[in-house]
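Across the two complexes that follow, chain A remains constant while its partner is chain B and subsequently chain C.
Take a look at the complex of A and B:
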């Protein structure tokens, strides 16, 4: 293998692919990044067995070849190089990759590329196209609700249902549920659903942020990996095997009280209340009266604070408590100017919707009000 | 048909090879047997065969990409955990890692295999954490548990796994394997096979110099000298022995075999002697003390072994033993 490419491109490519390199691993090969020539480009790939990221950078390829080199060292060195042409030469017999860039010379002892886990190649015919912005928005509004508790592996994933001309993402952790429908450009021939690890989607969110080109989503047969194909990057994730709970059952069908309020105002009020809620298990109370909503937190040790907001209230007054972290998460993830809060009683789950955007729904369990 | 490179345990090998051939390897397999008897070797062969992608020939082939990845520890569809060293427990986080591994769909093979070694060292929490996965594993998942004894595990674990019990090997099997596979010279092979007590792994480590095989000789030598010494010298010896807590268990084990040999001689059984090269010393001790004395010392040694495990004061323990030993003129 002999090729040359620009330091900026290689460095940027490695910063994308390198995200998949695990911080600790029992498999030595996973600490390496794959470099391979591929149709006149340089292919970079890294995987942690859960997700893998492949990124292509432009290069002048003289002879073909492939190798894996220790990711951390290679990336660190690359970031330290001057913005200049980088030449890479592989000695196939010793598996040593030599690098020159201006006055800098370096070499890396590699592991043969055949040891690297297979990364599936995307099939350009299969799959569905989705607008990057719509996908990114969906991920932003759903992924945060996934559980981080490894004792329920299924809940650490995000359910992706493909049906008709849409993809529905849902995540729940036992205390809250976030659900969003994202339109697809193509029609799904046969409906199916998969559970994608939230960590992989968090990475996808980072890559798709600011992306203009559409993303192509496909699954490998028989639905054991999912691939997200972007212009220079393919992110591919293993799926979580299991049955996702029927989350639609927990969405309350009706509500007795509906409050419409400015999103930014209630977000600020919640952040303020969170200061006092710190040492009372993040509990804040929302008191709803005619035409107003009061967000309050009361800590017997550190003090108390409340914010009164003007709101449009339908139905009766009510006082309900929530974990303020959950409220901040969802209000920050939304982008509409107004949100709607639909409640039944202090012991029933509350529903949060984005006003003017019917494809999103969030359900959050209330907390016990304690009492004063 | 070539054989798996597993010494002995022919029925187990046959059973597992058959399972591979018909493609019906159980979802949960529990391999039990004494330490160093060959559990891991057997499991590794089975795992290699399950992941091997050769068709129409004996699996594992050792040549396909899958076999090569497994050999270098880089197979994406295999995950192994064990207790970090011989004194620590298998922690619940390690079991969670296994669960996480098994929940994700396979990477490149039709199945995924997790190997959990030293399962008798799992904390109750860790063992219970595994129950759910054992009960309803994903269709592609295989779990292989290794433990010294099924009685040390939760019955709920044992009942959910198919058990394969490995017995200590006959010493002629070990002797043959040492000569044929490891090229050990015949005399040494015979002696190691006798000392190994059915544990092929120990014999191999001793033959290849990884196990302080001489430790046993040092221990027997120390005992032989102690028998001729007066109390002050014995106490000095006890102090030296107790200082090295790592080898004390080994020393006690060696003494136990030694006195067992004495008892065998006293009862007229020459065939099963372990310390053959000390035949003369054994004989003279056998004549000098009576059977009751030998039995008493064996009981004391047995008790000391338990006490060491229960964190007894090593020096006091060895000193007490020294007091019990008879004095040879």
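Take a look at the complex of A and C:
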């Protein structure tokens, strides 16, 4: 294998594929990144067996070949190089990859590519097409609500329901639910749903950020893997087995109080309140009176602070307490100028909507005062 | 406006309660305290015992040397807190401006009442004696500082061997004159160290201190100097604050012998966690930080803490965190002299509700049920399996 490419492209490509390299592994080959010539391009691939990312970089290929090299060292060196032409030459007999870039010379002891786990190749005809921007927005607004508690594997995933001409993403960690419907370009012939690890979707979110071209989504039969195909990248993830809770049952049908308020204003008020709330389990109170909403936090140890905001209030006044991190997460993820807060009582779930965007809904459980 | 402040202190409170529970103790030298063979100390001693020189915080072994016929009874804190609540309830019949500073001590602001403070004090003393059958002493003055010192002075001037039942009144305007002849260490904020420093300056009475130019004292003691002079002149603006804010709740115990046995340590930790949890729930508080305190055989002491993901007032949460801290910070087999559990970052208990899981609510109900059983039948009526040790003498705490 002999090829050359630009340091910039290789560095960027590795920053995408390298995210699938496990930080700790008992299989040495997984600590390596695959480099292979592929139709006049350089293919980079990494996997942790659950998540695989393949990325193609433009290159001038002189002779074909493939090798895996230790990912951490290769990536660190690449990021340290000047923006110049990088030449890679593989000595097949010693499995040593030599690199030159300007005055820099380096070599890496590799492991044969045949030992690298096979990464499934997408079938270009199967699947559904979604606009990258719509997908990225959906991921931004849903993925954060997934659980990080490994004792409930299903909840560490995001439910993706395919039906009609849309894909609905939903995540719930037990305390909040985020749900968004994303339009698909094609019609789904038979409805189905899968649970995708949130960690894989967090990577997809990074890759699709700023992407213009559409993304092709397909699943392997019988739905044990999902593939996201982009122009230069393919992300492939194992699916999570199990039954996802019935999330629609959680969404309250009615509300007694509805508050419409500037998103940025309430976000800033929550961030201020969080300063005092951090000593007291992140508790903030929202007090709703006619025409206003007050966000307040009170720590007996460090002090207290509150912000009073003008709001459009329908229905009765109410005081309710929330974990401020949950509020900051959802308000930051939204992009509409105004949000709506729909409440029933201090112990019932609150609903947060993006005003003017019906395809999003968020449900958050309050904190309950005492039990006496 | 001149305020009317009363300082109330129950006379030898624990002993007074014990004498009500067991009238045969009446008039005898006895004390509430730990057993001498368990390095116990005297928590409270009766007035007949005080004649022998026995005082609280003295090791029980020493007290028995001074007074061999001293009867030592174990403490009964549940009972004391019940009596304390009854006394406080009587105070609330008078006013809500009550600042309880300990189980047997409180300030009462009666400025808004028409009657003269001394007659209110006399009536209060009589009511508590009649209704709760407990002797008390009261100090009356225009502020907290002088009221408390007045009470101390009143108690000391009574004859020995019986409860003082004192009432000492300092008239408004007479504060400085009243304080002047008293030794300087009667003053709040003057500990042995400051007292020694003042002594070196030739200052032995509060009057000496009051006469010093404020600037001199400030130069020597900083801000503390200013405060000292003001107090020496009987000036104290602190209000009687009814919502005395608690910053942490903790409980600790010193072992009779140093303990290296892990099971025994964990049993103790569990009991301490339960007692802290119970106090939290009584105070309607929950905490986010759990800490343990460990003292090794060589008296070196360490405290380690952990912040929980959520506020809690439940015994099992406190115990689990404390046990983890013990596992993390005690080298295996290292003997422990003292162990303690505390909870801080307090706030009213608020619980993150769950979208569909109600396990937490179930654990909450379990805790409430446990509390109820223990309220009715005593702490040992129901216990965790880990607490049930083979040695019945271990069951006391």
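Here, the second predicted complex is superposed on the first by the 368 of 372 C-alpha atoms of A that agree within 3 Å, B and C clash if a C-alpha of one lies under 4 Å from a C-alpha of the other, contacts with A are read in each partner's own complex, and residues count from 1 in each chain.
Following the convention adopted for this analysis, contacts are C-beta pairs under 8 Å (C-beta built on N, C-alpha and C of every residue); 3 or more make two chains touch, one makes a residue touch a chain.
Everything numeric in this text was worked out from a predicted model, so none of it was measured.
Colleague: Clash or fit: chain B against chain C, after overlaying the two structures on chain A?
Modeller: With chain A aligned, chain B clears chain C, so fit.
Colleague: Applying the touch criterion given at the start, work out whether A:26 contacts chain B, chain C, both or neither, answering first, second, both or neither.
Modeller: first
Colleague: Output check: A:225 vs chain B and chain C. Expected answer is one of first, second, both, neither. What do you get?
Modeller: First partner only.
Colleague: Does chain B (first) or chain C (second) touch A:365, or do both, or does neither?
Modeller: Once the two structures are laid over each other on A, A:365 reaches chain C alone.
Colleague: Using the superposition on chain A described above, determine whether A:177 touches chain B (first), chain C (second), both, or neither.
Modeller: second
Colleague: For A:279, using the defined touch cut-off, is the partner it touches chain B, chain C, both, or neither? Pick first, second, both or neither.
Modeller: second
Colleague: Can you pull out the angle centred on chain A between the C-alpha centres of chain B and chain C, to the nearest 10°?
Modeller: Angle at the centre of chain A: 70 degrees.
Colleague: I want to verify one number: the closest Cα approach of chain B to chain C after the superposition, in Å.
Modeller: 11
Colleague: Give me the intersection of chain A's contacts with chain B and its contacts with chain C, in residue numbers.
Modeller: none
Colleague: Within the complex, which stretch of chain B touches chain A?
Modeller: 65, 68-69, 72-76, 79-80, 96, 99-101, 103-108, 129, 138-141
Colleague: Quick check on the complex: what are the chain A residues that touch chain C?
Modeller: 172, 174-177, 245, 250, 279-281, 283, 298-301, 321, 323, 347, 349, 363, 365-372
Colleague: Which residues of chain A touch chain B in their complex?
Modeller: On the chain A side, the touching residues are 26-30, 47, 49-50, 111, 114-118, 150-151, 153-154, 197, 224-225, 238-242.
Colleague: Could you list, by residue number, the parts of chain C that touch chain A in their complex?
Modeller: 245, 247, 284, 288, 308-311, 344-357, 364, 368
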